[in-house]
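Got a structure for you, questions after.
Chain lettering (A, B, C and D) follows the sequence in which the chains are written, and residue indices restart at 1 in each chain.
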Amino acid sequence: MSNTFGQRFRITTAGESHGKSISVTVDGCPAGIKLQAEDIQKELDRRKPGQSKVTTQRKEEDLVEIHSGVFEDTTTGASIMMLIRNTNFDTSKYEPIRDLFRPNSADYTYWKKYGIRDWRGGGRASARETAARVAAGAIAKKILELENIVVIGYCLEIGGIKAESIDYNEIEKNPVRCPDKNSAKKMEERILEVKSQGDSVGGLVEIIAKNVPPGLGEPTFGKLSAKLMEALGSIGAVDCVENGAGMKVKDMLGSECNDQMIMDKGRMRFLTNNSGGIQGGISNGEDIVLRIAVKPTPSIAKEQKTIDIHGKEATIKIEGKHDPCICPRIVPVAESMVALVLVDYLLLAEGANYEVRKWLR
Amino acid sequence: MSNTFGQRFRITTAGESHGKSISVTVDGCPAGIKLQAEDIQKELDRRKPGQSKVTTQRKEEDLVEIHSGVFEDTTTGASIMMLIRNTNFDTSKYEPIRDLFRPNSADYTYWKKYGIRDWRGGGRASARETAARVAAGAIAKKILELENIVVIGYCLEIGGIKAESIDYNEIEKNPVRCPDKNSAKKMEERILEVKSQGDSVGGLVEIIAKNVPPGLGEPTFGKLSAKLMEALGSIGAVDCVENGAGMKVKDMLGSECNDQMIMDKGRMRFLTNNSGGIQGGISNGEDIVLRIAVKPTPSIAKEQKTIDIHGKEATIKIEGKHDPCICPRIVPVAESMVALVLVDYLLLAEGANYEVRKWLR
Amino acid sequence: MSNTFGQRFRITTAGESHGKSISVTVDGCPAGIKLQAEDIQKELDRRKPGQSKVTTQRKEEDLVEIHSGVFEDTTTGASIMMLIRNTNFDTSKYEPIRDLFRPNSADYTYWKKYGIRDWRGGGRASARETAARVAAGAIAKKILELENIVVIGYCLEIGGIKAESIDYNEIEKNPVRCPDKNSAKKMEERILEVKSQGDSVGGLVEIIAKNVPPGLGEPTFGKLSAKLMEALGSIGAVDCVENGAGMKVKDMLGSECNDQMIMDKGRMRFLTNNSGGIQGGISNGEDIVLRIAVKPTPSIAKEQKTIDIHGKEATIKIEGKHDPCICPRIVPVAESMVALVLVDYLLLAEGANYEVRKWLR
Amino acid sequence: MSNTFGQRFRITTAGESHGKSISVTVDGCPAGIKLQAEDIQKELDRRKPGQSKVTTQRKEEDLVEIHSGVFEDTTTGASIMMLIRNTNFDTSKYEPIRDLFRPNSADYTYWKKYGIRDWRGGGRASARETAARVAAGAIAKKILELENIVVIGYCLEIGGIKAESIDYNEIEKNPVRCPDKNSAKKMEERILEVKSQGDSVGGLVEIIAKNVPPGLGEPTFGKLSAKLMEALGSIGAVDCVENGAGMKVKDMLGSECNDQMIMDKGRMRFLTNNSGGIQGGISNGEDIVLRIAVKPTPSIAKEQKTIDIHGKEATIKIEGKHDPCICPRIVPVAESMVALVLVDYLLLAEGANYEVRKWLR
């Protein structure tokens, strides 16, 4: 199931960084959703390379073609195949390192598993595959809109610099997608400094889902929190996923950590949100809060030790246009994964009370 | 799929804390594995309540019955149903709070989803369901043994007290499952102190899988790391999952974070293990390293604000025998989830090279 | 997935004919369904052995125990585990033939696949596993009732004798479950005649689902008809499955086979029902009509050629209490499989129009 | 899961008859399989329209493009996306009937389910989607070749005319894919006669899989026979699926139906093959034998009664280029479905003995 994600709203992706195209087939999308190529393109443009000085300078238009499942700008209930052509790729810069395993890439592990070496960039393991996630996520967001659910992502930290305040309106106004104007400036400077050293830097991205109704999720193995952790953890650069208070819970007392309940204008609410909107694997009506720690991009110009496929030690310097910090571009990818999970659970509503089930969708 | 976990080695669990039994059906277990009730019981005994002063004082023998799939102490390839009877439960102490939502439990969210209130303890959301995970995990461990793979879990931190050294031999010798004898003592004291205050405390649990061959895992959405995050994130008290360097990657440079490669006695190895044994979603032959931040037990004797099912504000004190710290008992559960994922991927080997496939299992 | 059936309403079964129990875990059952052990028992009694002279004389009470997922006679949305103990089994009669492959059984093929021989009766391949299907099917029928959908099965032919008329009220009044009183008598005689010769006989079973609303089903690979064929084809003795006109379509012209449409009292209807209620994999509102050709029971007293596990030729006579015709007892099993599929698709409603989805459940 | 088929070797298809393309993504294909576009094209050419007088006269080149998952003519283990552009479609002939439900099509049922009407030909329900099945089936056949397994399909009956002999060499030499030269001639005449009357005709197609090793398949719900019935039953025009003796078993005695065992040149064999190569859901080493009854094409020029989407009665004559008999073109589709199932089970080998597992792939 490695290239398929979701149970009811399922996406199946394909495509290598240096192949003909990146594609995604969405199955299980309800009929009757208004959908145009622009809805997809808008999100792809947030992910595409070459947006600013802090991202890779490689140019790629990432234009989406909708091949099926949409008729007269409306989904028909059929599977939706979307395709993004790879137009700007150049395998020549990979020629010199075709036999070398790039550190922290999937080069070595794919070679061990598949016994085959697609040396042209990352092949299937390239972050380029996330374009397919964003295209599918754009459809998921359209469905969430119908339920008034919004998914917002931003960079909370980059290279040790933290956002000190959260203003959603600032996020898309700066190239690092930081909700704090001042910190954004510093983050940008930090990234350019690191870049000039031929290095890269990591960060912390937060994703919030607002207006998720209580009752969404599943018990036991199907916990909404667990599925969100898997979804976000499946993004290449992610080494840690937090929900709610996250790592902090290890140092908390029960009396601090528990979210006590109150009535607020006739609505059942919580005094705090350490649970990050999910209890027992099911949404409680508060904001769903997630954070991911993002690795520094592994492709760096600095010299590193490595070996080749014949087991000979060597050094490597990875030239080419790489992101000095992947965080700003990971934001739409992370949002997409969260949106995909939410739509999936919205359509699933498994085991829900027979009456509840009727309104839940 | 909420009560089923796994693709090739699949477990399906059932049972409420105050119902007749907890059960698990394992499907996809290879035929020919030696298996006796004692193999299961040994692991269940590590999870069962009443083991020491730092766990709940409730007594429950948790005896396993193997109902099917095993003939003459050998698995037959048929589905294996195992059952653990609930013998020591008392619903009377839940009577006074039957209409109150216990803070940080699944009471409210289950009620919203299912429209039904099983007020007897946690019902299906009780941590008691993890007994089924451990029973299934015991079988998974038997299979991993055949490949020489070992899964080891322990408490790295409890209530702010850290293990300063790692000695695997110490883990099962102290009641907090800490690999550091001295820290273990302090952790125990800290738990008893917090317990005496009617409170509870969280911690950090680490799980290591040793001798996993390179090439195990899947690309894209099926990353071994993502699946392990889901698996561990599906344990009730887990709010954060780390792989390898985990949260620390947010502050690292690429040149620090990248695991450079060398030849070591003819074997391809890595100078560091920030990747925690997984690159591009596939094992690289180094130790697989995972950590989970565990919440303090929500059931505490301290008075807390809450509401009842009719929307009336109230206060609640949760009496009864609860774990002041769930970390020591979560260790075998976390190990089980990791073992289940590893066996599943071992049997899956999806897309692997046709020749590689032959030896991989 | 071999022991799990269904996507949204999923059943996982376990148990061998001579093991401790037969069990089934139902996952995805909506909360709030009224359910008592009697609802299950009633259906199990229709399948249990020893009902009449035409079935096996082995006695087995087949009493169901509901272990979880039901609280105060109502489903809670949790997984439902049900267990039927094997009380009356005697492995001694299998001792003499423990090394012989019984013709048309799964003895040889299981041995080739699993490398293990559970010689005690059919083991997991025994028709006894269908008790689990019937227990789960009883829950499915309870849910279908809420939608006014009824599933009716009966023997259309046994040993060449055909039902000449269809009167649903007759079915449960005769031991062969034939809807034609007169043919029932002849079928009964035919079975007893064959039985006296140490032989067995096959037949044709028809299953009708009434009041299925139009719009149930899925396109392409998920066709309702395909899933029903799989469901019925998974019953051990079934070698042929028909939907609607079935085998007859091979000799028909398009102008004969096509079901033309008319308006009937304001409702869209069809002049004929050659489609058997399903078009393009989706229900059209007419009766869903299925038929299965059922093999004669392979366990017969007549001498047959066979070989043993060492490759030595031998002859075998299978003693013991076996059904001379399995058709009457297959009726509740076939009904159950159809009910399970219908409930699954009812809860699935995948891709359905967002508005339609709301009322469809 | 409606547009995905398979568990280990999974295909996901998309595309409408009058949309941009038909596509299929194959996931789980082992790395290292030699694969070129010609391997796919060869099979697509057997299915494509316009091959002869007895098929539709519509011309469509059906050229396949492989977009991903193949590098240097070898599968890499990544998902394989293939695309077939729709080049020759003309929606104008559907304009006059855009509000009419075509009898025996999916027009009415899709409209009920999706609330949307894609009136351009069959939309997603068009037999055109089977091109994607054949493209994926071609890869499956390549893998089966490595195991020496061959899948052969042919027309056994068309419009009442039967093949009297089976000569595999004849099949591809005549336009009706009949293994009997003489019957082929008569079948062709029969089809042309029916076509001249503006009508269509059905038939019976047989599919044989040779050299399948014993031990392939799964128990209970995962029976190889059940999965093959589902696979073949998912082809639009199929109303009946038989395995082995099929429908005939209803009239057989146990002593006639049972396949007795013998030793044949040191190999365990069966005297007859009423089981059609499958016992207890698992292959027994004999030929796997399947038959499907195929409906006459519903699109006929003869006038038929129907209604429109507003519930008004009307008559309809379906002009355009339609197959007077779909059987010859269904042959490669049916072969593909059988090949897909066999590869899936070959890679699955679930629960197989740990030692057996090693050689089974």
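In the analysis below, a residue touches a chain if its C-beta (ideal position, glycine included) is under 8 Å from a C-beta of that chain, and two chains touch if they have at least 3 such contacts.
These numbers were taken from a predicted model, which means no experiment stands behind them.
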{"item": "Maximum centroid distance from subunit A, chain identifier (CA atoms)", "value": "C"}
{"item": "Copies subunit D and subunit C - interface residue numbers shared by over half, same or different", "value": "same"}
{"item": "Fitted rotation between subunit A and its twin subunit D in degrees, CA, nearest 5", "value": "180"}
{"item": "Approximate Å spacing (C-alpha centroids) for the pair subunit A, subunit D", "value": "38"}
{"item": "Computed distance of Cα centres, subunit D from subunit C, in Å", "value": "26"}
{"item": "Distance from the mean Cα position of subunit C to that of subunit A, given in whole angstrom", "value": "45"}
{"item": "Residues within subunit B bordering two or more other chains", "value": "1-4, 13, 27-28, 31-32, 77-79, 110, 113-116, 124, 219-220, 350-353, 355-356"}
{"item": "Touching residues on subunit D, where the partner in the complex is subunit A", "value": "1-4, 10, 12-16, 19-23, 25, 27-28, 31-32, 65, 67-69, 71, 74, 76-81, 83, 110, 113-116, 118, 120, 123-124"}
{"item": "Interface residues, subunit C side, partner subunit D - complex", "value": "1-5, 7, 13, 101, 103-106, 108-110, 112-116, 124-125, 129, 157, 159-160, 194, 199-204, 214-223, 225-231, 233-234, 236, 239-263, 266, 268, 271, 274-276, 278-285, 293-300, 302, 304-307, 311-313, 350-353, 355-356"}
